[in-house]
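Okay, so chain A shows up in both of these, paired with chain B first and chain C after.
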Partner chain A sequence: MTLAGRRLDPLWLAAPGLVFLLGFLLAPVLQLLSVSLEDADTGGFSLAAYQRAFGVPVYVRVITNTFVMALQTMACCLVLGYPLAYWLARLPKRRQRLVSLLVLLPFWTSALVKNFAWLVLLGRNGAVSGVLDWLGIAEPGSLLFNRGAVIFAMTHSMLPLAVVAMLSVMGQIDNRLVLAAGTLGATRVEAFWRVFFQLSMPGVASAGLLVFIGALGYFITPALLGSPRETMMGQVIILQIQTMDNWIFASALAAMLIGAALLSCLLFDRLFGLSAIAGGSGVQRSPRSPVRRFGLWLLARLGSGFSRLAEGLARLLGGHRFGWLLPAYGIAVIAVLVLPILALFPMAFTSSEFLSFPPPGFSLRWFAEYFASPVWVAATLRSFGIGAATAVVTLCIATLAGFGLARSGSRLTGAVFLLFLLPMIVPSIVVAVALFYLFAQLGLVATDLGIMIGHTVHAIPIAFVILLATLKGYDWRLDQAAATLGANRLRSFLRVAMPLTKGGLVAAGIFAFLSSFEELTVALFIGGGLRSTLPKQLWDDVVLQVSPTLVAASVVVVVVVTALFLLAEALRPKD
Partner chain B sequence: MDAQVADMPASLAAPSRVPKLSVQRIGKRYGKLDALLPMDLDVAPGEFVTILGPSGSGKTTLLQIIAGLTEPTCGRLLIDGRNETDTPPHRRGIGVVFQNYALFPHLTVAENVAFPLQMRRMPAAELNRKVAATLEMVGLGGLQHRFPRELSGGQQQRVALARCFVYQPALIIMDEPLGALDRKLRETMQLEIRRLHRDTGATILFVTHDQDEALALSDRICLLNQARIEQLGTPQDIYERPASLFVADFIGLSNVLRGTLEAGGLRTADGLLPLPPGATPASGSLAALVIRPEHVELDPAEGPALAGRVTETVYAGSEHRLVVTLGSGASLILRRTASQGSLPLGAPVLLGWPAERAQLLRP
Partner chain C sequence: MTLLNRRTALKLAALAAPVVWTRDRAFGAEQITVADVGGAPGVAIRRAFYDPFEQATGIKVVGVVHESDPTVQFKLLVDSRSYIWDACMVTPAHVAALSRPRDYLDPLNIAPAAAANLVPGMLTPNWLGFSVFSTTAAYRSDKFGENGPRSWKDFWDVQKFPGRRALYRGVNGTIEEALMADGVAAKDLYPLDVNRAFRKLDQIKRHINVWWTSGAQNTQLLQSGEVDMSDTWGARAFAAIDSGAPVKMVWSEGLYNTDGWSIPKGTPRADLVRRFIEYCIKPEQQAVYCNMVANGPTNTRTFEILSPQRAAVLPTSPENIKGLAPVDSVWWAANRVRVVERFQDWLLS
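Take a look at the complex of A and B:
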């Protein structure tokens, strides 16, 4: 055996991350599952919690609601997001980057802030109500607290995620394939359906998966914009733990969420292969598999059908007259995505005691109130502190793991890769509840350390994905070149690898910070009543009363997020 | 008269029939950049024309305009005498073999090849028969259920050819189709493409930056440089009678001797060199003589004799190449067959060439 053969595989560098995720994700989640099977009195095995969930009509309705609303949100995101992603994918590279920023900005603005903005805009005195009332379409006050409002706001929250997931796949589709289809006799419509659409399916599926799983655990939107009829499982879990202290029932609901998430992942894996989530090639279906043949047949029918329709219209109208539709649609959707964020600014500078749009006059009083309030200032500082600590810890774990995975030849890389993406697949409310249970035993509840650990679990996937892409794009032969030129490993890292990958490192750090800065669920449970982060403080106040101070606080969040997001985008390696 | 025949041999001269493809004053501008200056090109039915040129010379732009993938800024494009300038690609009926093939990754080999037939709504039975026959023709029988990524580069190239030839387009465009293959495979595929051309009688427009490929395959070569046609002619024309120093330099090895014209010859640093017969240059202007290495002779019986020393020898298997440095510092390359043998470094030599083998060109 050679010396090189005895050397440790670089995959060992992923060990700290693996230990961290085993300890703070897998173990607590498994513990939670076992709690759900306990008997409330004896502690023995019991299915009582599940019997209650499926036996009591009100819970049955909540569970049904949750799945139906998650599916509705997913469908809306895919249908609305696909044309937007398609438009973006076909823009020239420079313009695509610019326009993508307008999709990514709402992506990084916390769901809480966006939902809060809708609460104000759609409310009795809000701008949207005003316009619709003036047009005679809807009465003021009728826009909120119903199913439509919840689905709309959830779609609004998750649409950027869906677009980003689809765009990453569409961006990799070689445009020459569509051109080739054209030269082989396909009309543009046929070429789209038979080539582009088919090749974009893994992106559609991963967007659907991420939105569905995210929507399953949602509680912000139904709580803020819905009526009791829109109650989702996440809300019941919070209620059961925080008010009823019924861990067993809450665990059973959490277990169902995990079960549903895992089932959708399995389904996705069967159809596309999980590696497709991160832009991998996915599974290769056997050429004769019935699923594949049916898909091809269906797309061929769609292609020729739509093609005839388009050709017919073109003959009728004397040419293809709908080229403007897609850009117009894209711009309209982006405007709706960005609108609530922009609308916060004028409202925060209002001189009025109440929130109304447009504001009656200009004033800085609400910012003054925000900065004078010890509660808000403490929460803001805590958020910065925890965010910075989260960024550092996440970066250490994810960089080591990224190095390990980028350089390893081991067969285990696939499994390790999936484990690092696991926090993305487990609904965040489940993570928060599981950690709460664990930390209660360890005395970490209501500590900054506890929140930071939870946020790190949450931040690992995004940092890991960015770093892995950076490190995979790095030409490792440069290290060999540096070595032959006389640099030792440390110097070669500092002088060659570091400068070339620092953009990705910094971007990963910033995104880890951002994901902590906006995180509500973990902070809600683990912060207890004592350690409020900025989103937690916002949440507490929103639930109690909507005030202009809240808008001022939201503006602070948006400004911090925008600045850091733009910085990260500028530093992030271009692919 | 002679010159005319050499420029365009009778068999290939623009025939009285309608050209398959006629490019008329077609040009393309991107903003202030001329990707293609207005140019003319006629291609006869069944002809094999190569568009040759360095990267950035406008080859791909010309090709994309002909295929309908890019719109020209000016000019007309006729196919079989019909104006097709504004026809979308799928109605032109042109076959295109793309650089890197553009095989559909989600379709198998057979499905890729069947695609153009499906677009033409061919009945299934006939379609299957044609696909099988075409795959057999390019030597891919038995691989029809593989996906492109499971094939080698050469096999992918064959799929691309099959996908193009299966619907028997009368005009086929190939954009550097062999660029990604190694040398050995390139030569095999060149023979393959020639055979397909002969068997199908298709008109082929072939783009490459490889001069050997262009010389080996083409009926005519259209040499592009800096967005315009530098020379259009048979491979022999282009090699033996380059129209400019650029052509002489781009195709094959050339010896270039620069000087000033005067009565009786070209005045260079190495003396007065005789002009090729028939040249009637204006005295006093700058010019250059171009001589191919295979025409340079050692110890010439007649003509000019330049003294120099062997400064470099290159062994190239079938031949030796000698680099001889003249008194002025200019160097000439000459070829010697393996049986003639090489010369030792530093050996003094006398060089000459038959005057009619030299070309007089403007610098």
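Take a look at the complex of A and C:
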């Protein structure tokens, strides 16, 4: 091979993202966290903060709590989300998009608003307690302020992400493989476990990782819906920064959380090979690794076990195969997902000064208040604008990096993979404060551009993981085929790879937009109150006065977004 | 084309002249940014102070909302010299945290004559108080009728007053409440006996159903009847009462504290914002504020304007303030870190 003919490893495609993250995340955050090694009095080197974190039982308990709750949320999301994603994947395309819209609906509403909706609905005098009371199975007031309520609310807000991450992989699985398994003698149940389930694993792994890492950073939900026993690391770090002004200890706690989360990512990567070279329909990595052999053995046992169970049940019930069960399940889960959003409508049209369900009377005053307030309207428009810009920039960075990483043979892939996940792992208040110092030097404080950069940092991991999972299922031999037919790289990307991975690209773009649309902490610090986004505006309302205006604002957003999606659907050429 | 432009420019200059040359009116571009607590008080502050000040001086006031504890943001913007705020709404405890070890505050330079009618202590060299708020207990009268808890001792008495309880998830007020429940008189609270307070808190801990974190949540808890009694900040409980919820406040035993304005050190618009802060002493403006939010004024002449009915529901009315003790921000400044650490450890264990 001549020097000129030698190609760079495709990993260079990740370069723009690496530069972006080094500049706007790694450097400022490391600088901020380095104070955790300082002595409070002398400024010299000291491990006292870490000794305290490990020495005081309370903090060990909070760290354990945080991980256990994140694992519980992850388990709930995967177990509840997998059948839903499976059902969605097998629906006709058009219906699939419409049902996905319903699944995503709760994501368009700020977590803050949903938390307050739960406070109203699940409260002592709330609608759900009322129903339970009426059924005679009530212990009023016990629904809130416990572990169950927090896990429920966290699962509720993460489930759409898990479903979409799994769906983008399931959508790529060639259904003829399942049929082929049938011709080889597998029952339908066996074919599912040994073929479909195995091929959907990258989606499960990416969904699990996103939910787990995302859940580690929760701080508002456990504070509002939990008891002190549900305290998570995010809350303690914020308390140390905002109330105690103790940067040394806060940095030590943040560094510990980051370290533990990085370890989990490595473990995930080791188990599921997310960052590894294309798997899926391509060549499998290390077919003889013990973990993999155990996994395949487990699937085979599950397949034959469930197959026998299904046959037995079918014989018992005279050939009844429960075909209705999956759609019924899907509809039930979606109903619970959409419930608080539907409840927002009557709450917004209330005549009361407060959030209440059912509302005491009908009134349009909160909508009038919303539309008459330049602050609310400007915040909404700014959120849409910043969200769109964030989605475009994020998608460019993440697509390049995803393609680079998926095709690279370099040993550095693992490190690059972790760096791209880092924004999700670093507590958002640490990112926000680190960026504030950086932006103060660049004159970007209280600018839309500053918020957009912060949001892009925040959105990169989600978009990146969804894309990577999609690309893992992509058959790179198609690219080679295109190349033999004379297509250059750009052309084969535009004409072959992009159309085939469209589902993942769209999902990544939507979630990049949503993560910006929902982001609070960066908007709070970088915006400084002068550039208010919608979540910041909602937050202001929530902190001092929960007026139905914030619900009216959420209803407007839900209606606008739904209308946009339906419009896009109507304009789409029939397939 | 040029001529037209020049003519337009001249016309504009002529129009602008009165604005520019009127003595008390500043340039149209002059503007200050003031961080307040938002919510219902934020609306009242705009109506009572920002809007009239704009009309009187031509200086535009942009109001933004700060976090419930603004000290970190305050320090950030002084340290990085990014003056996105020119004044910030803070309590004396915040002022103490912002004065030592490093001084983050600019002096207000208010002449003693302008402050003649202020309640003593409401003006320091770098802080002007304008809003007195109380921390007391409140309860649902649909649960207890007229025979609700009358003291913190009653609040702690789970036999005599069974029901769901909420307490603030922080030290502000909570420590003092525990001591009052243990029989310490409001005027003898400071210096706080922290050990004694935690022993008393141990007794109530498992009876607390909700530890609330924000004022809005407190209002929601009382208004919806999620709990039967809670500690509360006056305007918060009053917001629930205003909406018709059966909530009663216990004035016989509690605390009061004051919100006021301070200036971040080094802001280039310090002189403009000083004029604004001095403007907030006016009794007419304080009366507008106190009519909208159930917080008390700091200018004694405000009571000449307020109606007797309104004055009676404010924490500053002679009847109400009898049972209230001032929060000792000097004690808190010296002991805050230690007590917060202990409270968090206690709460989580």
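Going forward, the second predicted complex is superposed on the first by the 343 of 575 C-alpha atoms of A that agree within 3 Å, B and C clash if a C-alpha of one lies under 4 Å from a C-alpha of the other, contacts with A are read in each partner's own complex, and residues count from 1 in each chain.
Keep this in mind: contacts are C-beta pairs under 8 Å (C-beta built on N, C-alpha and C of every residue); 3 or more make two chains touch, one makes a residue touch a chain.
All values reported here derive from a predicted model rather than from experimental measurement.
By the touch criterion stated above, A:Q96 is placed in contact with neither chain B nor chain C. Looking at the superposition, the partner that touches the larger set of chain A residues, chain B or chain C, turns out to be C. Of the two partner chains placed by the overlay, only chain C lies in contact with A:V433; chain B stays clear of it.
In the superposition on chain A, A:A180 makes contact with chain B only, while chain C stays out of contact range. By the document's definition of touching, neither partner reaches A:T562: not chain B, not chain C. Within the superposed three-chain model, A:D245 lies in touch with chain C and out of touch with chain B [touch as defined at top]. By the document's definition of touching, neither partner reaches A:S410: not chain B, not chain C. Shared-chain residue A:E353: touches chain C; no touch with chain B. Chain A uses no single residue to touch chain B in one structure and chain C in the other. Taken together, the chain A residues at the contact with chain C in this complex read 56-58, 61-62, 116, 119-120, 123-126, 141, 144-145, 223-224, 227-229, 231, 236, 239, 241-246, 352-356, 433, 436-437, 440-441, 445-446, 524-525, 528-530, 532, 540-546. Against chain B, the residues of chain A that register as touching in their complex are 174, 176-177, 179-188, 190-191, 194-195, 198-199, 284, 287-288, 296, 300. If you check the complex, the residues on chain B that touch chain A are 67-69, 88-90, 92-96, 98, 100, 102, 104-108, 111, 115-116, 118-120, 145, 147, 163, 167.
On the chain C side of its complex with chain A, the touching residues are 33, 35, 37-42, 62, 64-69, 71-73, 75-77, 80-82, 84-85, 97, 164, 169-170, 209-211, 213-217, 219-220, 223-227, 239-240, 242-243, 337, 340-341, 344-345, 347-349.
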